[in-house]
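What follows is a single structure, written as structure tokens, with notes after it.
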Amino acid sequence: MKVEAKTCHEQTHRPLFTWTRMWAVLVLAGLLGGLSLSGSSSAGELMAPPRVHTPPGAADSADEPLGPFPGVVAPEGTYEGKNVEQPIEFPHDLHADTNKINCLYCHTYARRSAVAGIPPTSKCMGCHNVIATDRPRIKKLTEYWEKGESPPWKKVHDLPDYVRFTHERHLKKFLFDNPDMSVERVDEVCALCHGNVKKMTVARKQKPLTMGFCTRCHEANDGPFDCQKCHK
Amino acid sequence: MSKIEFDRRDFLKVMGVSGVAATVAGCDMPSYITSEEGAEEVIPYLSPEEFVIPGVGVHYASTCLQCPATCGIRGRVREGRVLKLEGNPKSALNTGKLCQMGQAGLQTHYNPDRLTKPLVRKDGALAEATWEDALALIEEKTGPSSGLSGGRFAWLTGTISGHQSVLLKAHLESLGSSSHFVHEVINTRVWQAVCQDMLGQSMPRLRIDKAKMVLSFGADFLGTWMSPIHFSADYARFRSGEDRGMLVQAEPSMSLTGANADLWVALRPGTEGVMALGLANVLINKERMDASALPAAALELINQYGVSRTTKMTGIAGDRLIRIARHLKERSPSLVLAGASAAGHVGGYQSVQAAMLLNILLGNIDQTIEASGDFALPQLASVSGGTSDLSRFADAAGAGKLDAVFFDGSNPLFAAPNHLGLTEKFDSIPFKVAFSQFMDETTAHADVVLPMASALEDWGTHVAAYQGGDHEIAFQQPLMEPIYPGTRSFGDMLLALNSMRNPGSYDGLEDYYGYLQSAVGSIPGVLKGEDDEAINVSAWNRILQDGRLQMPVDTRAFTSNLSMDDMDVRDADPAFPYYLVPTPRGTLYDGRHANIPWLQESPDQISKVVWNSWAEIHPVTAAKLAVEEGDVITVTTPDGVLEVPVYIHKGIHVDVVAVPMGQGHEDYGRYARGRGVNPLKILQPGSDAKTGELALYGSRAALAATGRAGRLIKMGNTETQHGRKIVATITAEQQRRNEGDS
Amino acid sequence: MARKTPKKRLLGLFGDFEQAIKVIIDIRQYEIPGVSVDNITIKSPIEHPEIEEILGDRPCHVSKFTLSGALFGLIFGAFFLAAAQANFLIQPQGGKPVITITSNLVLIYEMLILFGMLATFVGFLFGAGLMRKRSTLDDEMISLDQVGIVIEVEDENIDPVRQLFEKHHVLEIRDRELKDQ
Amino acid sequence: MSLVRNFIEDWSRYRRSIDEGGFHEYEHMWGMVIDLDKCTGCNACSVACYAENNLAVVGEDKFENGQGMHWMRIERYWDEPNIGNERVRDTQEHGASFMPMMCQQCNSATCEPVCPVSAAYHTPDGLNAQIYNRCVGSRYCANNCPYRLRYFNFFSYYEDSWPSPLDMQLNPDITVRDKGVMEKCTFCVQRIRSTKNAAKMEDRQVVDGEVQTACQQTCPTSAIVFGDLLDHESDVHKLWHKHQTRLGTTKQKKDNPELRGYRLYEQLNTEPSVTYLERVRDV
Amino acid sequence: MAEETHLSATKDIDEKIAWAEINSDVLRSMENPRMGYWLAVVVSICMLMVGVASEVYQYNVGMGPAQLNNPHMWDLYISTFVFWIGMSHSGTLLSAILHLFHADWRKPIYRFAEAMTTFSLMTALVFPIIHLGRVWNMHWVIPYYSDRGIWPNFRSPLVWDAFAITTYLTGSVLFLYIGMIPDLAICRDNAIGWRKRLYTFMSVGWRGDDRQWRNFRKTYLLMACFLIPLAVSVHSIVAADFAMAIMPGWHVTSFPPYFVSGALYSGCAAIITLFVLLRYFFKFEQYMTLPILDKTCKLTFAIAMVWSYLNLIEFASVWYGHDIPAKEVLIAKFTGPYSPFFLGMLFCGSVLPFTLAFEKIRRNPMLLLPISIFLNVGMWLERYMIVAPTLSLAYHPWSWDVMWPGWVEWGIVFGSFGWFGLLFLIFVKVFPSVSMYEVKEMVYHRRRVVYEDAELRAHEYKKGASGASSAAPATEGS
């Protein structure tokens, strides 16, 4: 007797619940699941098509969340940076906030080079030859200067070696080419990626500076998407 | 990468630690992690110049010293490091182009095997010493109190020119000596002698670009002969357009130029002159060319070399000879060159002479061979070296005529054939000082070794022996601050040596830079007007920015003094049936670049071998020896034996074995030591009668298979295209039809 | 099914499948009050498809799970892949489509099978009532070579069932209060 | 919803076949012409490439194993495939055939679609890019390159190839590749990048000749011409035009079949951006 | 073994075996195998250690010591990967296809065949991972949501591989597991200690009631239906790794069926090997009988012929297709440095299977062990001959190069056999390697056929071709 030959095709449907309805739900779930799983990457609704540069003004629709200043959508993301021990505890707050020194005065390379640069020691001494010469930190600085050395500052904002980031182009886009901005407000531009350094002494990393952080901002502000633009 | 004016020389400091290590193998980190804060240091400049911006490269002009051609270079400098060398477009000699040796100048500069401290021989061994000790020893042996003077002191250098040459001569004069041996293995001395004798100018300008046909007897003008980069640009013009020139190369083993020839002729070594005379014979007797310009003695000689005799002696088919002659006649102006393989024989002078005779017969003088005149400042002109100085030096040293010798820029112990017995003679000199960047064969035998700054850290002026059109002084300036504080500038050393002999002679000059500036300032009309006191700084800066200083060209015409001697062709010795050719290649050159990893790994242009020596033989020879590619053979001359793997190709005369020079270092850096063989060592004695140059191409050898397979490391695993269209070739006729305008 | 009267579960172990079949046939024929074929469970060491004939059709929903899983895989795969490609930061510029149908078909096919199989498995777990607390009314011999019949009966109807079992040479009978479960 | 918009827009966005003229929204299309008649095989380009691109010197043993890293290599062939029908002679009468080979920057590259992680992709500049830090090292791209122009870091060369102070020479504009990464000629993308950067800073277009690749810059005979094929005034475009080589076809339709321009293995439909001009010999 | 040959010479299984005996025989195998088993375990561990050491070295140093080079970017890793993927097709074939065709002789042997599927897949999975230059980034091949907005390249056949293998692994594990649940319940009822807990957990409360059996039957059938096209697609996709490439010798249309047939072939050969070994280790002479071995050999022979045919087709299409580079590769396979391997592959793959045409050999386990191993050597060579010669000789002659694998590569390949062996040996020790409930079914039905339902059997047999015929035991005189 070939008992196995009898497969169970004589089953009758007993509608426990409607399968058609369930399949309709499935279609929807698949569609939404597929779309959202892959598409929810990055800035959600802000996702602009990466290739076409929309003409200026077109992006300024009202539902665009406002950045810290006109013409830019601030990159999202925060980071709790650790305190870096520097050879001299440089007070950014004192210089940039209290004394209202423009960021670009010291980080002068930012507008003409890929790197912003640490100011040369001669620049520090330019003022501190006369100002606050009795403070311990300045004494330490003077010591270095007299030895003919620069203080070995520690890098706080460091990108991996395969990443190319240029300060000059970002400043050009957000500051110099931005009709709503003036050079005096450069600190707001810097703050996009460096956090509010004005309120710190030694700079702390406050933004994650990850690729996602970069790409989200590039999406929101129509930056380029070519991998080779940033990866070397 | 904008070019910014050079302002101050002391600004080539390496910036910060992290500036140097800017690119470390950083690929390992996944990109969702960023670098840790505070992990790296960034050290700013103490007080920067306006034009130095971190992250922006600046170009500085200088001069390449990788070979004697003195091409202009520009170095890309960033954060105080020189990153890349490029040709200097302002240089008339190389117009922005550079060869592989020039590119590799960086690795001479950054070489890990550079000497960093002075060495002094103590108890038979070299030991580290301070500069003060070393200089004190030199003062003791060669200073005024040493009693050394006259011919008992000598300098042995490579090709030297410019203000270094001036100071060196001053030093020799201060010792009352005139013994300056200038040694270059790869040289054009015979050519210069022939030009001097026949045309009255040793370095006439060669207009390859104007020629419609170039017949070259072993002149590897694209590889190592005279000024290869200059000639390469000329060659490009020669090859383009409707009048695309024809290149015929006759030589025993294929050089880079031969590899580019329309027609490559395998010539029995030493018969270059015979072929030239045979061609002259055909031109006069068959092609009815006007031979009135030639003296009767020459005509008589030419008539002795009829087609059949020439064919028999050279091994070239008669119809081929006639065809070349016909082309020479049709394609006027032409240019006949004779290079190392023609000159490197006992009768080398005559061979080159015959080639020059052919030029005269073809009417090329003042057409493609232009008068170049002498350099306006003869004291700066290039003192070109040769191998005759090597044998003279060996003789002098062997005869015990030398008490103290200074060495710079040359490695005679590597290049000297065994028969000169130079090592023993060298060791017999009581006091030997080597100015060197590296520990090489010569340095290792010296008594005092002074570590020199590299070419990219030093000041200097150079004058090319072969000037490409405009006469120029090439300026060498530092592209970065010395990597090793223990090294010193050669110019500074010359100044120190001079002041050692004549205290106070160069007072008021801070260093060689100061000397150079004042010396250039003393050239009328360059930095100062007639009655200016001070130097025009911006003019000086402009010179440094250009890296070149134009000098007025002397337009002295040729004088003609035609003579012709009979060929001196030696017969084969049946015990040594093959000719040994030590091939010069523009890679390791005469061996000085053997410690440059880029060049060791740069495949040879012809055989594509890397990191080793090889012997080129013809397939017929290989069949006789029953060897295949990579098998080791012995190359035996009466002066020694080499064991070397073979590379078999048809670009070589059947009776020739070619071993490239450059490898076989016993004492050099890590990349060179113990690698390959040095063919120069086993060359047979013999020299050109007129110039005294060693007959480098005149050695005979016997070959034998060892039955072992050797290590022949090659790039590429095929010799043919297997029927694919990889390099397609069309005839010049087709090209001429279609490319009239370019 | 209202549970007013106390109920018991009765397990009868039989040495032979044929005997067990006869028990069920008897139950069908004699209609013991309170015992319906629907309340009978047969436990056997091997599969006996032929009992369907006696027990009647019972539902099996695995294939519906399978179909829905496969459909989900198909739709999810299609949209997931296409959306991922369309929203990729860099877009291929070499003149090729962004959403590549051919390669996606291959992947959708795999996704269909993957989700189909997973759903089948889940369906099996649910459908077979696995992953539940193990019934104590069980015997190790069932996994060896004996066949068990489990019948839910009200207390008053237990005796006829016992008699029936014994008539067919039952090896062992166990019972359990239903509220234990 | 921009998500859906991307979806719909991208569906056929780049799908324009060769017959339709191909995709033409490139910013640039960097291309090259190499005149094989001018190329003397001197190797200067190769060493310049080592210097510019931080190429590792692998050493004798690894070179023997075929693990050398010459992005630009000069191949030398001895045969004369199509010049006359002379008998095989016992000397190498017409010299050697030199072939400078670097990444052909195919527009329809075989390496791109097979990369599992999209580390090989096509840029809006018409370049065939390789993102080193994305590479997982499956080496599929190199297997699928008919020109065999991709090189793999079989070892970590950093320590061995650049003993101090050789490491000071390393170009900071380009990463030093670690073990397990595929690399290849990039048409000196760091130079393109910095030139474009300079141009953008001055709000202008890149002009022809402004970007020079290291090999082109050093070539003693100027056999290499490099530029933007989309710029109709560029030398490289003029040469392509003159020799009637075109992108977007597997078989060049030339008015004059004797014109020298050809692309390597065109029949494979890889669309290389490098045109070679045939070598010429006077026979 | 010899003394029972006469007994099992005609019947797939002795229908007189008591069920209790089946239980005790199989359960016993999980406790006290022969010494040979432990020897095999030790050998496997040693082999695995070699592989692990090689991989650790390679991880630290790079892919260089594997002796890969510029044209030879892939070598043993990928060919061995394809080999293991091929091995994995045996379980599916035997179990799913024969299940659909109701060939009941599969029952005693399908369990270990399925285990082989799973474990050879697990072995295969190792290779594409360790052949990556940067193993630590392997997860980039998997499509997952990332902050960076980048995805794998769905056009790459390697990504298809990742999808296909994951699916296949999931599927085969499920298939193996579902089929094992009733047996796990048996184990549960007989085990103590940790085994009890393990089996209790894994048998998910199987009680053998009719509802479970009903769903089980349906599920098993559905899984089989999924697995067959899946197995075909998996190996087609693996073939696509090559066929999608532009390289001569790879870019072949017939590759997918060729690969599938090769896979079935090597899988069957491996089943023979393991059949003989398990039969010996666990004294399974009563269940893994010679007639079943005989049938397996016949199947292997048939597939070998299909494979040989596809081989010839491939040669012919290359030869007459006149694509020069492809032809060069083909000629080089016959004459070049790889020719010993290529001819060895043809011998092992196409000539050696003819030995299976003889019944005496088919029923001689001692002979079949080496033969089946050589068949698999042939199949391994086949994969190597697909990968290596094409890489040696492709379009660009300048890069032609012959490269022989280095010690690291050999070490890892060697280790993979240890890895597979260890997994398999652990499996057969922990889980019943013969399906008890199905052998019981087999015995049950046979018994009914032989003693009770001779007439019915005759009737069914006449209906014949309706699909059940293969189940009819080829017995003379009942």
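Just so it is clear, A, B, C, D and E label the chains in written order, and each chain counts residues from 1 on its own.
Just so it is clear, contacts are C-beta pairs under 8 Å (C-beta built on N, C-alpha and C of every residue); 3 or more make two chains touch, one makes a residue touch a chain.
All of these numbers come straight from a predicted model, not from anything done at the bench.
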Checklist entry - Across all chain pairs, which one has the most C-beta contacts? => result B-D
Checklist entry - So which chain ends up closest to the centre of the protein, judged by Cα positions averaged per chain? => result D
Checklist entry - If every chain is reduced to the average of its C-alpha atoms, which one ends up farthest from chain E? => result B
Checklist entry - Roughly how far is chain A from chain B, going centre to centre by Cα mean, in whole Å? => result 54
Next on the checklist: Can you work out the whole-Å distance between the CA centroids of chain D and chain E?
Outcome noted: 44
Checklist outcome for this item: dist(centroid_CA(chain A), centroid_CA(chain E)) in Å evaluates to 51
Checklist outcome for this item: Per the C-alpha centroid definition, the whole-Å distance linking chain C and chain E comes out as 30
Checklist outcome for this item: Multi-chain contacts in chain A, i.e. residues touching at least two other chains, fall at 3-4, 8, 35, 37-39, 41, 47, 51, 160-162, 210-212, 215, 226-227
Next on the checklist: Residues touching two or more other chains, restricted to chain B: which are they?
Outcome noted: 22-24, 26-32, 716, 718, 720-721, 723-724, 726
Item to check | Shared-contact residues (touching 2 or more other chains) in chain E | outcome: 134, 137, 143, 146-151, 155, 159, 214, 217-218, 395-396, 398-399, 401, 441
Next on the checklist: Considering only the defined contacts, which chain A positions touch chain B in the complex?
Outcome noted: 81-82, 84-85, 109, 112-115, 117-122, 145, 148-163, 204-205, 208-212
Item to check | Residues of chain E that touch chain C when the two form their complex | outcome: 18-20, 23, 143, 148-151, 154-155, 159-160, 163-164, 166-167, 170-171, 174, 178, 181-182, 185-186, 188-190, 204-219, 222-223, 226, 229-230, 233, 237, 240, 437-438, 440-441, 444
Checklist outcome for this item: In their shared complex, chain A is touched by residues of chain D numbered 1-7, 9-10, 25, 121, 123-125, 127, 129, 131-134, 173-176, 189-190, 193, 197, 200-201
Checklist entry - What part of chain E is in contact with chain B in the complex they form? => result 134, 136-137, 146-148, 324, 328, 395-401
Checklist entry - In the complex of these two chains, what residues of chain C are touching chain A? => result 48-50, 52, 57, 59-61, 64, 67-68, 71-84, 86-87, 89-91
